[in-house]
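Here the structure is laid out as structure tokens; the discussion comes afterwards.
The first chain written gets the first letter, and so on, giving A, B, C and D; residue counts start at 1 in each chain.
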Amino acid sequence: MLNTTKQKFIAVIGGSQATPAELEAAEQVGHEIARAGVVLVCGGMGGVMEAACRGACAGDGLTIGILPGESRLHANEYVKIPIVTGIGYARNVTVVKSAQAVIAIGGSYGTLSEIGYALQSGLPVVGLNTWGISRNGNEKSPIIEAKTPTEAVETALEMIG
Amino acid sequence: MLNTTKQKFIAVIGGSQATPAELEAAEQVGHEIARAGVVLVCGGMGGVMEAACRGACAGDGLTIGILPGESRLHANEYVKIPIVTGIGYARNVTVVKSAQAVIAIGGSYGTLSEIGYALQSGLPVVGLNTWGISRNGNEKSPIIEAKTPTEAVETALEMIG
Amino acid sequence: MLNTTKQKFIAVIGGSQATPAELEAAEQVGHEIARAGVVLVCGGMGGVMEAACRGACAGDGLTIGILPGESRLHANEYVKIPIVTGIGYARNVTVVKSAQAVIAIGGSYGTLSEIGYALQSGLPVVGLNTWGISRNGNEKSPIIEAKTPTEAVETALEMIG
Amino acid sequence: MLNTTKQKFIAVIGGSQATPAELEAAEQVGHEIARAGVVLVCGGMGGVMEAACRGACAGDGLTIGILPGESRLHANEYVKIPIVTGIGYARNVTVVKSAQAVIAIGGSYGTLSEIGYALQSGLPVVGLNTWGISRNGNEKSPIIEAKTPTEAVETALEMIG
């Protein structure tokens, strides 16, 4: 049995539309999460979410898709555990709260809302070519920037001990 | 890999406070769901939810807990996949929409809200000593009553083909 | 200024599809709520919700529509305060929690989920030709049945003091 | 009767903890929104939300508080219409979707999530000393920065025609 206080989940967030470079990074991130024995949780749709799930499946990992809509049929084909929330994009809060760390890859405004929720929840957020955020231009970004997928996963793993 | 269009989920709903008979029924329902190779989804808390998860774990099954609060630490110890929704009891809609059939065991008003959502979503609802509902007293209840845990699980499995 | 601890809200719940008798009852209920100086809150859509809002507007009352979707354009035309939740039918919990008492008129399964939430939240629920519910067939229904719209509103007003 | 297709709502977002300068700005923003005949919607709690509602009440405006919790008693005292969502911080999506434009004043991570949701929903976001956001450092921020409360409200009003 998984031990829910020890089995770690990492959320991978990013756009349903993404560049080839982002998709490649997401797939590698998913693969390394799976190889580390960590569960991947995401929004369950296409783009970065699908690429990350594909990578995790290739590494024989578990993938959870927290879907916005009314049917599991909208999940990408690499989601092993589809959760049908029925609450639209309010599900963004569920994606991040279910994890112990978050890796953001590229992403648009939905990803920005997830970064906000993750930081509000006190979760570490590792970024790969994602949003830069600052208050008044004079504060250090709370997003930990990584240069490679490997560095992103290693950093997230370190943060969650 | 699980195939998300074929791997079935059954939701077990019921109160966090329950009678010994309800707990025993829930444990047996969970056990038989697991033995049928079906994933058990529930609200992740105590009472009927915990007993059903315990039974499923004894049958080496997978258990998903859709939690109302802000932390996975509130899940019962038999939840293998804790989903931290952060949306309170609005998560009841997610519990039922994530499944293809629902088994209601005893239960209080929260269970009634889940029965409403399940029927609204067109899901079959099998009842074990749960709410009776009617409109104008002259309609057949849409809840399929079962007499035993075995009959409840068999009926739910039949309904989802 | 309204005093939020004294200004009462009554939720009117019921189906978006309704019989002529239900619509007539809803309109009268809305009218009497408005005449009592109470704010009407509902799901903002058609059927019973629209009829109740129409009645409240005729009585110069305030109407709030807690909408399931993504746009205020889906509100019925008698909603003065459209709230766009974006959370689908999970918004049922918001409809009832925003009120101090609930009047259920007819209704289908969505209404049943709202009755469950209202009773879970400890709110009085007055019914007009709505769901009958019981546990084991031997308990008194927690829904207070009224015979007329006037009686329904008077009962709800009494319950909220 | 308000006409729901013409009556505009502006959301004011910002932290429940705020600097004196932010509170002063929020109060003035609320006042000018009210004087323009526009409804103010916010998260209903303290800090920037309370100051904005106080300003709106001074201008005899209508204030709506979309509360995260389970009781209207947690609303600040200047909220005229308390909406009790019961969905926690997932209510951030409801705050912005209920408005036609958003003014962000200071703010922490919750505000960042609301900015993300507002931009995802295609709403104009005017900022007063709030988050700066960028993708790759080379894109223009989608937040329209204002220098004064008056400019913020004028800009928001222009955007919503």
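The working rule: a contact is a pair of C-beta atoms (placed from the backbone, for glycine too) under 8 Å apart; a residue touches a chain by one contact, two chains touch by 3 or more.
On a predicted model such as this, the values are computed, not experimentally measured, just so you know.
Asker: Spell out the chains that contact chain A while also contacting chain D.
Answerer: Expected: B, C.
Asker: More C-beta pairs touching across which pair, C-D or B-D?
Answerer: Between the two chain pairs, C-D has more contacting C-beta pairs.
Asker: Taking the mean of the CA coordinates per chain, how far is chain C from chain D in Å?
Answerer: Taking the mean C-alpha position of each chain, the two centres sit 28 Å apart.
Asker: Measuring from the mean C-alpha position of chain B to the mean C-alpha position of chain D, what distance in angstrom results?
Answerer: Each chain reduced to its C-alpha mean, chain B and chain D end up 40 Å apart.
Asker: Could you tell me which residues belong to chain C and also touch two or more other chains?
Answerer: Residues 70, 86-90, 93-94.
Asker: Which residues of chain C touch chain A in their complex?
Answerer: Within the complex, chain C contacts chain A at residues 70, 86-90.
Asker: So in the complex, which bits of chain D are touching chain C?
Answerer: 1-2, 4-5, 7, 39, 57, 64, 66, 70, 72-73, 75, 77-87, 90, 93-94, 97-98, 121
Asker: Flag every residue of chain C that touches chain B in the complex, lowest number first.
Answerer: 87-90, 92-94, 106, 108-117, 119-120, 129-137, 142
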